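When the chains are written out, they are named A, B, C and D in that same order, and each has its own residue count from 1.
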Amino acid sequence: MSDQHEGGCVREQYRHWQRIPTRWADNDVYGHVNNVVHYAFMDTVINTWLIASGLDIHEGGEIGLCVESHCNYRAPVSFPDALDAGLRIGHLGRSSVRYEVGFFLADSADVVAEGHFVHVFVDRATRKPVEVPAGLRARMEGLVVA
Amino acid sequence: MSDQHEGGCVREQYRHWQRIPTRWADNDVYGHVNNVVHYAFMDTVINTWLIASGLDIHEGGEIGLCVESHCNYRAPVSFPDALDAGLRIGHLGRSSVRYEVGFFLADSADVVAEGHFVHVFVDRATRKPVEVPAGLRARMEGLVVA
Amino acid sequence: MSDQHEGGCVREQYRHWQRIPTRWADNDVYGHVNNVVHYAFMDTVINTWLIASGLDIHEGGEIGLCVESHCNYRAPVSFPDALDAGLRIGHLGRSSVRYEVGFFLADSADVVAEGHFVHVFVDRATRKPVEVPAGLRARMEGLVVA
Amino acid sequence: MSDQHEGGCVREQYRHWQRIPTRWADNDVYGHVNNVVHYAFMDTVINTWLIASGLDIHEGGEIGLCVESHCNYRAPVSFPDALDAGLRIGHLGRSSVRYEVGFFLADSADVVAEGHFVHVFVDRATRKPVEVPAGLRARMEGLVVA
């Protein structure tokens, strides 16, 4: 999957931002934040936004399940650096959403990594796909990029 | 990235196996192993194999840095389930290696997830790309699939 | 808290065992399994035993909440080492249980760490303390040490 | 270990503060930040302060190894809450330091947990105990409480 496909790595291409500090345990034996941790950051920026936009992760009837995730790593980052995570939506389907996330050093144009993450919304009990809840969809439209 | 591209999800397509038990903290608020954890499993099966094949992660002159990773999630899994992680190599380049990993329920044909993970080997000090160490390459050829 | 208080670190003092392999990401920048990870191991050996002994973590009416945990670190351990986690119960109260865990290198008498972990059983909905469920208590008695 | 021993849980008793946001994966199956995560927070507030105070975790001759840690949990906390971590030093020895950490809900007097964490400073190569580096000790004295 090429850089083109990922949609580039310029701050202007993202619609929502969250500062994410690193933790001591994020560094691995090679002295940098382990590749796994970037996915914890994706989960965090996406779900923080969803909760602020009305998703009830404890009691809501619909939940978002991850069916695909991907990351391209551009530069190392180390604790105690902080990152700025930029969020946008590349595809907003009937029940699925493709989020695209860019990670930059805090207050910098230096890209650290970029990835995507696909949620399918399902009924909490049956785990069958449902439509993206209307209230969330309206908010999501503000993050969609062409 | 389609299922085709990932290369399928049948046990016979993998060349090396490792049993990976889950941990309590792997489950997230929805009661299943969080999507992030699958990458910790990929890192584990790959690096366990590399160390057994001669890579010295503490003192060796060359180290493998992850430049790309990807996962497609097929079915939920929950602590205390254990998984079987199957490993193969989809591309063995001059300095880069594309590992492909399939996760199955322990002793089952049921696929849980499949992903890939790309290492670029670099000099530990300069972090410049180097050739895959000859000893490792010889061992890796045994994992390559057409 | 002295070694005496922890109750020693000899394999014979534990009543139940679980093999726990390490993961790549468990190592920190100093090349050893990070101190945080030992608590993930405690949670895992305790909850694996509880589930095997009848606790339903997804639907059961009572759940165990951790109110205190502690660990003394005796020796470093590094991925890809595996550990043997020994479990016993130091105090079985009306609603609380003090588990004591010893970590040893796999198939070795070498102690890596020892800790304790206190659960209070509560009603899942109200989160008010309840008696340890009778079925679990009967099983727990087999782990109690003088 | 009683509350008394831990030294209480009032904001005024701590000397240094760091805001720590939670992450999605911090929540466990019971919907709260898992008990393990509090130790990742302790490691983070302590090491962030040490690095800002001159410790070189990548190249420095001395490193701090954790020999003991402990936590008492007072109240649940859930993603996406943020915490304020308060830090003080309860004992500053020749080569060892006992840090005490209090976790409060962000901008609140509500205590979430309190714990301690003991570092022994060792030579990076030999892993033999050494004196706390003089520059660090001078800074640490500002965190010591009676």
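Going forward, a residue touches a chain if its C-beta (ideal position, glycine included) is under 8 Å from a C-beta of that chain, and two chains touch if they have at least 3 such contacts.
This is a predicted model, so every value here is computed, not measured.
Taking the CA centroid of chain B as reference, the farthest chain centroid is that of D.
Across the two interfaces under comparison, B-C and A-C, the one joined by more C-beta contacts turns out to be B-C. Centre-to-centre spacing of chain A and chain B amounts to 22 Å, using the average Cα coordinate of each chain. Centre-to-centre separation between chain A and chain C, using Cα means, comes to 34 Å.
Note on chain placement: the centre of chain B and the centre of chain C lie 29 Å apart, centres being C-alpha means. Contact of a single residue of chain D with at least two other chains is seen at positions 24-25, 29, 31, 34, 36, 40, 43, 58, 79.
Residues 24-25, 27-29, 31, 34, 36-37, 79 of chain A are the ones touching chain C in the complex. The touching residues of chain B, when paired with chain A in their complex, are 1, 29-30, 34-36, 39-40, 43, 57-58, 63, 65-73, 76, 117, 127.
Of all residues in chain A, only 20-21, 23-25, 31, 40-41, 43-44, 46-48, 51-52, 58, 78-80 touch chain D in the complex they form.
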